[in-house]
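First chain A sits with chain B, and in the next complex the same chain sits with chain C.
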Partner chain A sequence: MKIDRRSFIALSIGASVGIHISPAPWKLMDDAAIWTQNWPWTPVPERGEVSYVRSVCTLCPGACGIMVRKVNNRAVRIEGMKNHPVSSGGICPLGLSGLQYLYGPARVKTPLKREGKRGEGKWKEIGWDEALSAVTGQLADLRANNNPQGVAWIAGSDRGTIPRLIDRFLSAYGSPNFIRPAGAADTLEQAVYLTQGQLGTVAYDLENTNFILSFGAGLLEGWGAPVRMLHLHGKRDKSRTIVQIEPRLSDTAAKADQWIGINPGTEGTLALGLAHVIIKESLYNMEFIENAATGFAGGADKDGQTRQGFRDMVIENYAPESVSRITGVPARTIEDLARRFARADKKVAIFGRGQGSLPGSMSDGLAVHALNALVGAIHQPGGVSVVSDPDFAKWPESSIDETASQGRQQPRIDGAGTDAFPYSRYLMTQLPEIINSASGDAPIKALMVSEANPLYTLPDTAAARKAFDRIPLIVNFSTFMDETAAYSDYILPNHSYLERLQDVPSPEGLPYTVIGLAKPAVKPLYDTRHIGDVVIEMAKTLGGFVADAFPWNDYESFLKDALADHWRQLNGKGFVEIRQPSSELAPYEFATASAKFEFLPSTGTDTGDDKLPAWPQSAPLPIEGDAQRFPLVLIPYDSMRLANRNIANAPFMTKIIDDTILKKQLVSVEVNPQTAGRLGIGEGDTAELSTPRGKAVVRVHLQEGIQPDLLSMPRGLGRWGFPDDWYINDKGVNFNDLIGPRPDPLSGLDTAWGIRAQLTRV
Partner chain B sequence: MSTTDQHHAAAETGQDKTPLPPAEPKPTADENTPWIIGFFFVAGLVGSLIFGWIIFPELLYSKKQQPISFNHAVHMDLVYDGCASCHYFRDDGSFSGLPDNSSCIDCHQVAMGVSEDEEKYVTEYVDQNREVPWLSHPRQPDCVFFSHAAHVKGAGMDCAECHGDVSKRTESRVYQENRLSGYSRDIWGYSISRLGKPAEGEPKTMKMNDCARCHQAETGHKGACFQCHK
Partner chain C sequence: MTQTNATKYGMVIDLDKCTGCGACMVACYSENNVPFKKDESNKLDSINWIRVFKISNRKPYPDTEVCYLPMPCMHCGGIGDHGHSPCVSVCPATATDYDHSTGIVSQIYTRCFGCRYCMAACPYHARKFNWWDPVWPGDMEKYLSPNVSARMRGVVEKCSFCFHRYQLAKDRAYHEGRHQEPLGENEYQPACVESCPAGAMTFGDLNNPKHAVYTLKKNPHAFRLLERLQTNPKVYYISSREWVRRAGDNYLSHEETGSIKRAAANHH
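Coming up: the complex of A and B.
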């Protein structure tokens, strides 16, 4: 017997036949398929009991109801809450990505003390006791030196009990400087106060209107309560017309019935141009004008001086032809639009560019509001109303000591409520300039920051950083390591929004009141503390009257006390809806001295000096920059896919940004092909964008939907404070690096809607 | 020159000269070949069959012991609600599966008997507040949606119909884990060929075809993909 090559072949064939009639290959194939499903990096939720927590999303002011789906103690999904009065079961991409904030890498996990220079990123982990005693120690020193007004607190919002608790702390401590960012709602709030004498939030009954005339409001870009706006679009039928007035073809403009491409910053002028046509053709609401308005026809004011009425002023200055020259909108279009708007059954003009987070000028706000009054859309179904701050939470007044009383009487550091800007409540954008121009010591000795990221959101971030450099103590209560946290001395991390209890008042613009309760969906993951508890503890450590103002053990007992009867429903259902009449006043009744709607408000009634001769201005406020050096104009745009306030985008959100907006690390600037041709740049080119405030390298995206000579860039990119989050850190450019504030002469609020710019190929 | 070649050469020369009566074929390597080839073929065949049918299953499955050997029979005598006493439906209708410590510590906060396994449970798990890492025989991949409620409550099936008569077991079975997929051998079945049925009282096999076969028999339809793969 010889063993040769053929023997081996025979053996192999035999083995091969044998193995195929054995179960081995078939079983292995099946097992291999299952093996691939269980690779350890494939995310699979753990097994366990599934439960839902009813809560409210607080990632933006939209206040949508959410249901957090959990497996054991792990939150695995966020869904919209069905039948919620604001969001009706809907949710936006930001809300859906919420778990990535909870479990993401940017969380601050324990109190931190700065070790290196500010912004250097060197931290020492310290315990809560050490952190709190260090901070309260410095606060106690300031108070002992009779300088409690040297403390300022920047919070993300002034609504709800947490900001009110902070304000109570400042009040008992002795500082008038509770500050929050301002938006278009603040401009409108003042316009309403001046014309109607009412204090409250402006609300639009958009669900019941037939004609929405939007002066740049990004209904699909996150304006107001974003999910409410998505529903408004989703359930839209032919009975509702939406006209979008905006310099750029935004999503809202693309989905509107008509898009009017206007020269940027001239919206107020167009509003008065429309008023001109409406008055001239007697299309205005005569019943309202005759019975409920004053200042329309003009006449003598209380000092006996003759003032030109709104009617004559508009007729004289705002003829379609001259408005057309300023706005770039053809006179025919203006006339046609005015007629359609005035003749619509229920109509409303809405204000607030993009997401409404930029205040805009008082003259624009007043002009749009006057247009609503002209067509009688005030306090009417489908129109504008004023919702007073809901009075749902109550707690006892506290008494304050002499130090606090003196501190509270000092003028606010941001200039709000002073003689210069008597009707403004918060002027955060003024802060850097005030601090930088102060001689000697900085006027702010200690700055507390919660739920806000001023070093990212303030216009001209370089100036803001310079100002922050002068503040001796910066304490941040941020949940995340962000730009402002990176610049702080102490970080006392707050629970993330899915770990904490808080009440959430209605979103801006809602014509009825909805109070929501955000409940902890999961137990805190890290060594963080509820900011309410920390404030109460700080007050107790400070002792005396400050401690007396906080008789509660913790935030939860305070909230239960304050919500009283509402607590039970909020705790169970998650929200309370209060459908009160849109205003306490009758439709044609106003709280002004004349009890009428004042078309030409006199701000001088109380102080004697008339601050309104400049309104309404015939020409829009100029923007910053020399037209020779910077021949183009840069405007920002907002997107539902880009979080542009204090928090940065979650990875899911960044994933859904188009390549035409962000490609690798470069953000795109939208350029009209005509302009690009003249500049010799093409699609995808890298270019340097410069403005009087800064420079940035960008990518060029050619876009027919933007006017020639106009550049547009998204807000929300250019984050640098999230070193552990490579999904967002160092991607694109922060628009606020390139623009500076332009205070309104009347309100002091930031009016900047753009800045002059130049684009050069590199 | 090899032996074969020499032989060929000789044969050819012979043919060229005189025609000789065919010689008695000599036993050459050539004539041995079919036998040898056959031998090797059969050797390969048998070897691989032995490997595929006997050795392979032994290699594929590892044999693990449960962390605690659990005596179902003892517990069944003490509880009121049968299997559902510990393997219950939650309020939302979902099935709780394997109980955790919270179900056990009512009785086993301290050891009640003399069993070594109970002692081990109390000292290693209850006292240290750890959950027992039970090895679950019927566990399915995450892509499989299975509703106990539909089968137990809806169709009125008895637990033992699929899981075998667990309640009579006095100790935990050896857990044979598929080294590749990580699941119990119960799923595929102990017959590697999947021929025949599990013995009475043994758990049913739980591959997709098993689901389909039972659904075909009981409901007249195998069911649609999305019924289980959601």
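Coming up: the complex of A and C.
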């Protein structure tokens, strides 16, 4: 057929009409649309009966009340518990991500034995019987060789019945080495002990205060009980002033009534500068100073030597002008702040940077605490006080054998409680140095780890890994595969927090006590065991006096015993609230030798008082690094969106990190535009960040709200020990790779708040 | 369908209270089966029904101020609340619609064929596209809630003000014989509002004087985003700081803060 113009047009028109009349294209298009949506792998969640389980979140020490929503046997959502005395119905992003931890691929599903080299990730699945007999066998050998003190146990906390069960195990076994990470609360605990003679957790009555002076505490970024703080912020009105002092515009600073930029590390100096103005203008609490304090005016100490009083020392050395030179805070701001603070009705000064997981120096802790004393904010409504854990647990006495007794008398491996650091209880950051510098065999023969991830959280992780390499046996009770688990020889997986029963101690900083009960929301998904049951079983296998110390069949019967009268309420309501007087002592009574608040504390030991911060020289401790090679200073910051302790971010948590903080695999370092301009670096550039301890490739984020010449980086990234499908590995840098510990001369606690650094464009 | 006493759900967010913790975002993910990917740092393809932005006054240290700005779907009513929201007006598949009985802009995933016209039309970037099939690693499929269907590759999704919670509350009310009465304020609250630890978000019927949002939206410091566009959003913000209120719209340098809001009020 010949195709001419006419027939071509006819054919075209015919085809168009035909296509439009035929249903085929529309049908095909519709089918295609449906087809693209009907993939069989798009899940259809099963329906069923809805129920709720009341429990307590233990992902951080904040102890929020939670309600776990279930459909049949599945946990589908976590909600805040209404009217809870800590969290008031609120919940944080970490708590809301909880089910991703329960069902996530990071879970260790069965006991594991290491096959390859440490950290290589080759494991053999073994049964509980094999795992337990291997571990207890080695523990029994150590005891048989009279070396029970060669065992150390790093736990996430020392409060609550599980850590105490572990400590009891170590006592009966013969090791003094129960260790946990320390924070700002430990420094403050010692400052309070030295000045007030009291032991306990330091608490702040923030609900009733009118003026909060925060020396860098991340009140809205995970400090204390995070949800209590966020709730308190939401309830805020004009009657409460918050002043935030730190070198970087944190979220807390952004929400404060006033943000005072300060040179990093000079917070203690500023506290004494404020004290200077308060004393000079007679704004201090005369009643407290005259009736309840010593050392204010000076005089002879217990050895008959004359010591300058706090008043004269502060007046002589901390005039606003000289403090201004050190801190970078204008003298007028110091004077104005001191007057407003002292004149406020109820006020409190808070010590500790960020979430409070860095201990800080004793001189800073003492300076801030002295400021509280000066304005009479101790044991007062709206002030700072000491809370002791209620001792409801009934522990039957147990006797120990000769081996255990000798082992217990050995000095602690971390040096805490020894003559060098008499008031410190735990010095985990000292461990790597002690192990690495030991000649011959490592002083730790067997290390047990539970609810802790020291290879991630210890400063200078490279040194920590080197130290761990020297420990012959590492046993981990981790629920998840993490950095320390990856370095272990055996993993005896604990139930996840939503599968296990445990009491939850009162969170830090709360002026009253709230004990919670975490209850299993679902049956254990995998072949895991409750750590309490495992400890009891290990003790029974070891036999003799160790077994005798554990007369319980399992953790549950022990817990019911321990909680005694509280069990019924805890089991039903989920928490018990105990409102006790903030201290057993009257407001102006203290447990020191003088029964007064001691502005010039004495260590009371043979080593003498010369290690105490000689107040006049409490200049900031120098930070690590050569100022020539490393002209900048790097500090960390904490965020509600980044889990920076033992557990890593769940996928939901990583999803809410801003793209100005994490972009692809690179973490951003905050730089002031002025500094960046001088370095020739712009927004989004890739740069090399180096410190005396390490190097990292980072992204640059220009941020006006940071002091020039300062760099800041979030804590919580740079994870490598988790499985790849947990979506957190190899993102960003672990801040602890770049910093090393700086022990405080008095407490031995880590004082490092930053390190010198250099940033160069690559 | 435009009687003014109809229920009109809306939200008031107090930016002075918001601390940027991100709980609202995770509350939303976990309530609405929102998927996640290995890398979520490209925010253009990251699925969020509510996203917390951070804005700054850009003044040099130490006068810098920042403010967090949570942005869910604004559930625009359009001029006169006739339901001509930007997205509804353009959808060729009627996959998104304006519900006149609640003021909520819906999204029906099985109707959507992924043309993304609505995404282009939305001035608030509230809509997100499923470029990939969702993957729940490990045993995470077990936590999926049956109240909200999981979405498939190729469809657009967005904030629904947790409409399934409204349906559950309505069902309960019907069961209890209260179907003639309006729902109580606490009977229906979206997941983000319920979980906010600072209590920065308030949700309720903007037309009901008994609900807190009715009073809050009249706060002199209240404003909405891009009011000049006449989208008539149902999400209000409160900030005591002028620079924040000014950042909520495209003010010309000579325009006084709040002038756009007053002009828009006259128009509606």
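Throughout what follows, the second predicted complex is superposed on the first by the 702 of 762 C-alpha atoms of A that agree within 3 Å, B and C clash if a C-alpha of one lies under 4 Å from a C-alpha of the other, contacts with A are read in each partner's own complex, and residues count from 1 in each chain.
The rule we apply is simple: a contact is a pair of C-beta atoms (placed from the backbone, for glycine too) under 8 Å apart; a residue touches a chain by one contact, two chains touch by 3 or more.
Small disclaimer: the values here were computed from a predicted structure and weren't measured.
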| item | value |
| --- | --- |
| Comparison of chain B and chain C by chain A residues contacted | C |
| Chain B versus chain C as contact partner of A:249, first or second or both or neither | second |
| First (chain B), second (chain C), both or neither touched by A:35 | first |
| Partner chain in contact with A:641 - chain B first, chain C second, else both or neither | second |
| Contacts of A:124 with chain B and chain C, given as first, second, both or neither | neither |
| First, second, both or neither for A:44, with chain B first and chain C second | both |
| Interface residues of chain A shared between complexes with chain B and chain C | 37-38, 44-45, 47 |
| Chain A to chain C touching residues, read off their complex | 33, 36-39, 41-48, 69, 71, 74-80, 87, 90-93, 96-97, 99-100, 102-107, 220, 226-227, 230-231, 233-236, 249, 251, 254-255, 259-261, 525, 640-641, 651-660, 662-664, 672-674, 704-708, 725-727 |
| Partner chain B, residues of chain A touching it in the complex | 1-3, 6-8, 10-19, 21-24, 27-28, 30-32, 34-35, 37-38, 44-45, 47, 49-51 |
| Footprint of chain A on chain B - complex, ascending | 29, 32-33, 36-49, 51-53, 56-57, 60, 90, 92, 94, 96-97, 141-143, 178, 180-183, 188, 192-194 |
| Chain A contact footprint on chain C (complex, rising order) | 16-17, 19-23, 25-27, 29-31, 33, 36-43, 46, 48, 52, 54, 56, 58-62, 64-68, 109-110, 113-114, 133-134, 136-146, 149-155, 194-200 |
